[in-house]
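Shared between the two complexes below is chain A, which has chain B as its partner in the first and chain C in the second.
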Partner chain A sequence: MKRLALATIGFFLLLAVLGPWLAPYSASQTFEGVYRLPPLGFDGADARFILGTDDVGRDQVSRLIEGARLSLFAGLAVTLISMSLGVLIGAIAGWSGGWLESVILRLMDTLMALPSILLAIVVVTILGPSLTNAVLAAAVTSIPGVVRVVRAAIAIEKTKSYALSSRLFGAGSLRTVVLDLLPNCMAPILVQLTLGFGDGVLNVAALGFLGLGARPPSAEWGTMLADAKGFVESAPFLVVLPGLCILAVILSVNILGDSLRDRLDPKLRKL
Partner chain B sequence: MRALRGVDLEVGEGETLAIVGESGCGKSTLARLLVGLEKPDRGVIETSESIIPMVFQDSLGSLHPRRRVEQILVEPILIREGRWRFTPADRGRAEAIAAKVGITAELLGRFPHELSGGQRQRVNIGRALALDSKILVLDEPVSALDVSIQAQILNLLKELQATQGLSLIFISHDLSVVRFIAQRVAVLYLGRVVESGPAREVLTKAQHPYTETLLQSDPDATDGPPVRVVQGEPPSPLEVLPGCSFAGRCPLVQPICRTEYPAATVRGDRQFSCHVRAQADGTEN
Partner chain C sequence: MVRIHFTEWSCNLILRAVSRRLLEIGLTLLGVSLVAFFLIRMVPGDPVTLMIGERGASPEAIAELKARLGLDRSLLEQYGLFAAGAVRGDLGVSILSGRPVAGEFLERFAATSELGVLALMLATIVGVGLGIVAALTRGRWLDRISMSLAVTFYSMPIFWWGLMAIVLFSVKLAWLPVSGRIAVDYDVPLKSGWLLIDCWMMEAALSERVAAFWSALRHLTLPVIVLATVPLAVIARMTRSSLLEVIGEDYVRTARAKGLSPLRVIGLHALRNALIPVVTVVGLMLGTILTGAILTETIFSWPGLGRWLVSAVQSRDYPVIQGGVLLVAVIVVTTSLVVDLLSFWISPRLRDRGRS
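Up next, the complex of A and B:
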């Protein structure tokens, strides 16, 4: 299961990185007269288009590869932003304790109380729909989770005697947090990072589907789904293929995250 | 709540002061106060040193799990010099410190979890002495070790004390360890020093009834007569009762013990706080 998940992630990453060289056509190139062709093996398929074409005659393979690039890099960007801010805020909360910690945690509780997609919609409404803004919105929604995990880990580590002993020798807060505490909080942070990547991909796709993320003619998977939703009955593969890609990536990432969690620290199951 | 009250201690150069008492009497709080991990509500701690290192009971937990022994040993130096990274140039210093505490060179590249308990405690002591401190606080440094390893660590401490004029504040509940290492003893009961003085005298001719019961409950000290165990539990530090804090468990208790805390009786370099013994002492002299 883990191997399959790893292989799937690897496959999509490869597509994302080598996309421009692997794709048979450009994602925006349209072909005359070949609209909504099914994949090979179905009636009316065309050998030039392995997975068929969409409603304006663009090659599905090329679009899905381009989509892998957009979606995975969007997920990566979400993870990077939410991780860097989340670790920073979480470390400050966990280290400082006291009123600052309470203020930060209540703020994060407030963010968590809103359904994440609703929160993302609010952010996109303010910033305007685009892939970049969808990434920012998804990042904002995943920050609270990171903050809580990091805060909890730092709060536990800071009472351990190795951290106390650093303080004894006069180590400043920054030094203690960066050199002593954070390296020992890597297990939960790594797990959160993996799971956060999956959430990032999913949220960006969801926003794309709602028309709040990448705009057509972008080949972002969620946007592709939205484009194709009118053809669910006449050309179901237009919906099924990008949907399957999203499913495969999210499922694999979550399986990886879970096994990482189990391997790094069985106690984390409770978090 | 006040974990400690009216504690007045002194440790001379090259001397070992042991602080003994049962769990919950404030030993660890005292240690944390001494090294500055906690601030006293009132009172002062005066030392000639700005940094007082401490060795913790948990030898594994007090070492950074992801650093090698050589890095751990010179970490205090790096902190003092404001450097964040261990450089190969620091290896020489790590070796010098390791040699002082009997860590062989091949252990320098290991991680704490790859060491035995005794080796880890040596690393802890080595790090504590990296800045050439003259005073060292040890909070139950050998309680988690095997008896044979305990002896090695205690001998190491004695040796370091002899060669470097180190003053030790040694917190322990193990009287045989205290007997071995300490010149002076302070007995802590519920946050107060009830008796203090030279180790040899306090541990053989206790004045305070609490010290007596403590000695009698130590199987090593009694050959033959049945072990007498202190009756009951110590009162909660949360409810402050007037009078002597040991009154509720004391075999010698008098009415005055329940109303008034006994002032310290000073006899030469010994000191104790007990109404009954102070009277007896007074009539004898």
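Up next, the complex of A and C:
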């Protein structure tokens, strides 16, 4: 199961990186007279288009490959932004304690009390719909989770004796937190990183699906789904394929996250 | 029932914890009101211009409308009015419909809660069942299948899942309707807001009431299943790991050693304790349900809270956004308080931790 998950992630990463060389056509190239062709093996399929074509005659294989690039990099960007800000804020909260910690925690509670998709929708409406802004919106909604995990981990680690001895040897706050405490909080941070990547891909796709992410003719998977929504009856495969890609990526990431959690920290297994 | 003795001491502790939580909740709600108020005003375009269109109205008419809606005042003043009203329970009126925000909220909330409560019930029943099966067949194929199913459900992009359900059950098989709450042939007056109940309350022949109920149930089926998917997976995983932990405990071994049947050991002794963390998780799923409801309602054209708020963002209906979001936050925050109290009450371990 874990190997399959790794292979799947590797496969999609390969598609994402080598996309332009692997794709048979350009993602935006349209072909005359071949609209909504089914994949090979179905009636009316065309050997030139293995997974068929969409409503304006673009090759599905090329678009899904382009989508892998957009969706995976969007997920990666969400993770990087939310992790770096989340770890920073969480570490400050956990280390400082006192009123600063309270203020930060109340702020995070505030963000968590808003339904995350709604928050993302408002942020995107402010900034205007685009892939970049969808990434920013998805990052904003996933920061509170990271902050809570990192704060809790730092708050536990800082009471341990090694933290005290680091201080006794004259290390400053920054040095103690970054060099001594954070490396010991790596287990929950790594797990959060993995699961956050899956959430990032999912949320960007959800915004794309709602018409608030990447704009058509972009081949981001969620946007492709939104484009194909109208053809649910006449060309269901246009809806099936991008969704299957999203599911495959998120499923693999979650399986990896689970096994990472089991390996790194048996205590976390329950959550 | 688990019998609990509360000493004066532990009552005191609970009281202190609760008052602290209430203060935190107050601050969180203050934060939510500020965020909702200012964030929606950062969205380009204002409700008045969107309402009467870019052209076709004189600047005087626009100014007058703005004055009537109170949008000509300073932001601080507007927030003050909103906050003062909210404390008194008055959330103003929707710019678009002219109706009180609180009333519209209740109507929409009824639709969402009918969906959400049924989804949570389905998720709990199937999730706990799946978790028990997995725990009892630990490491064997049934366990593997159940947990593979759980992680798949957990990873499901529900907007796609909803479309797939429509393709299969509404388009290909034509078993279930595509959207809406009930077929247009039925005119059910809303009393409780839950159509499944209101169908029985309406004054009509029994056959018609049954038919209306059947129609409402058929409309609920797909959205409930789609909305239940992710919570179901979380509950199944939680039940499994919690039950596995409990099965290793001394009292379960004692019960087994006494010669009790496996059914009694699991059902009477193990399950009761294993379900404590599951209760917490079920409560915390509320947030997931609310977020999921926004997507589910969009796919199935369900006239609930999610669609109401999203369309209010699009029309810049300030009172609906700030009031609606505040009420949603009240629900989320109150539930998490109740869940905390519940788990404190049920779990002897948590109480003991407070004592030491």
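Here is the rule we use: the second predicted complex is superposed on the first by the 268 of 271 C-alpha atoms of A that agree within 3 Å, B and C clash if a C-alpha of one lies under 4 Å from a C-alpha of the other, contacts with A are read in each partner's own complex, and residues count from 1 in each chain.
The rule we apply is simple: contacts are C-beta pairs under 8 Å (C-beta built on N, C-alpha and C of every residue); 3 or more make two chains touch, one makes a residue touch a chain.
In this text, all values refer to a predicted model and were calculated from it rather than measured experimentally.
Visitor: Overlay done on chain A, so just call it for chain B and chain C: clash or fit.
Guide: fit
Visitor: On chain A, which partner touches more residues: chain B or chain C?
Guide: Comparing touch counts on chain A for chain B and chain C gives C.
Visitor: Touching A:190 in the superposition: chain B (first), chain C (second), both, neither?
Guide: neither
Visitor: For A:121 in the superposed arrangement: first (chain B), second (chain C), both or neither?
Guide: second
Visitor: Which angle, to the nearest 10 degrees, do you get at the Cα centre of chain A between the Cα centres of chain B and chain C?
Guide: The C-alpha centres give an angle of about 90 degrees at chain A.
Visitor: Please work out whether A:205 is in contact with chain B alone, chain C alone, both, or neither, and reply first, second, both or neither.
Guide: In the superposed model, A:205 contacts chain C only, not chain B.
Visitor: Please work out whether A:166 is in contact with chain B alone, chain C alone, both, or neither, and reply first, second, both or neither.
Guide: The first partner, chain B, only.
Visitor: One more residue to check, A:246. First (chain B), second (chain C), both or neither?
Guide: Only chain C; A:246 stays clear of chain B.
Visitor: In the superposed arrangement, does A:182 touch chain B (first), chain C (second), both or neither?
Guide: neither
Visitor: Report for A:225: first if it touches chain B alone, second if chain C alone, otherwise both or neither.
Guide: The second partner, chain C, only.
Visitor: Quick one: minimum Cα-Cα distance, chain B versus chain C, in the superposed arrangement, integer Å.
Guide: Minimum C-alpha separation, chain B to chain C: 14 Å.
Visitor: So which positions on chain A get touched by both chain B and chain C?
Guide: none
Visitor: Taking the touch rule as given, give the residues of chain A at its contact with chain B in the complex, in rising order.
Guide: Where chain A meets chain B, its residues are 160-162, 164-171, 175, 179-180, 183-184.
Visitor: Which positions of chain C touch chain A when the two form their complex?
Guide: 24, 27-29, 31-32, 35-36, 39-40, 42-44, 148, 151-152, 154-157, 159-161, 163-164, 166-167, 171, 238, 241-242, 245, 277, 287, 290-291, 294-295, 298, 306, 309-310, 313-314, 321, 325, 328-329, 332-333
Visitor: Under the touch definition given earlier, write down the residues of chain A that touch chain C in their complex.
Guide: Contact set of chain A toward chain C: 1, 106-107, 109-118, 121-123, 125-126, 198, 202, 205-206, 209-210, 222, 225, 229, 232-233, 236, 239-240, 242-243, 246-247, 250-251, 253-255, 258, 269-270.
Visitor: Name, in rising order, each residue of chain B that touches chain A in their complex.
Guide: Residue list for chain B touching chain A: 35-37, 51-54, 56, 58, 61-66, 75-76, 79-80, 84, 127, 131.
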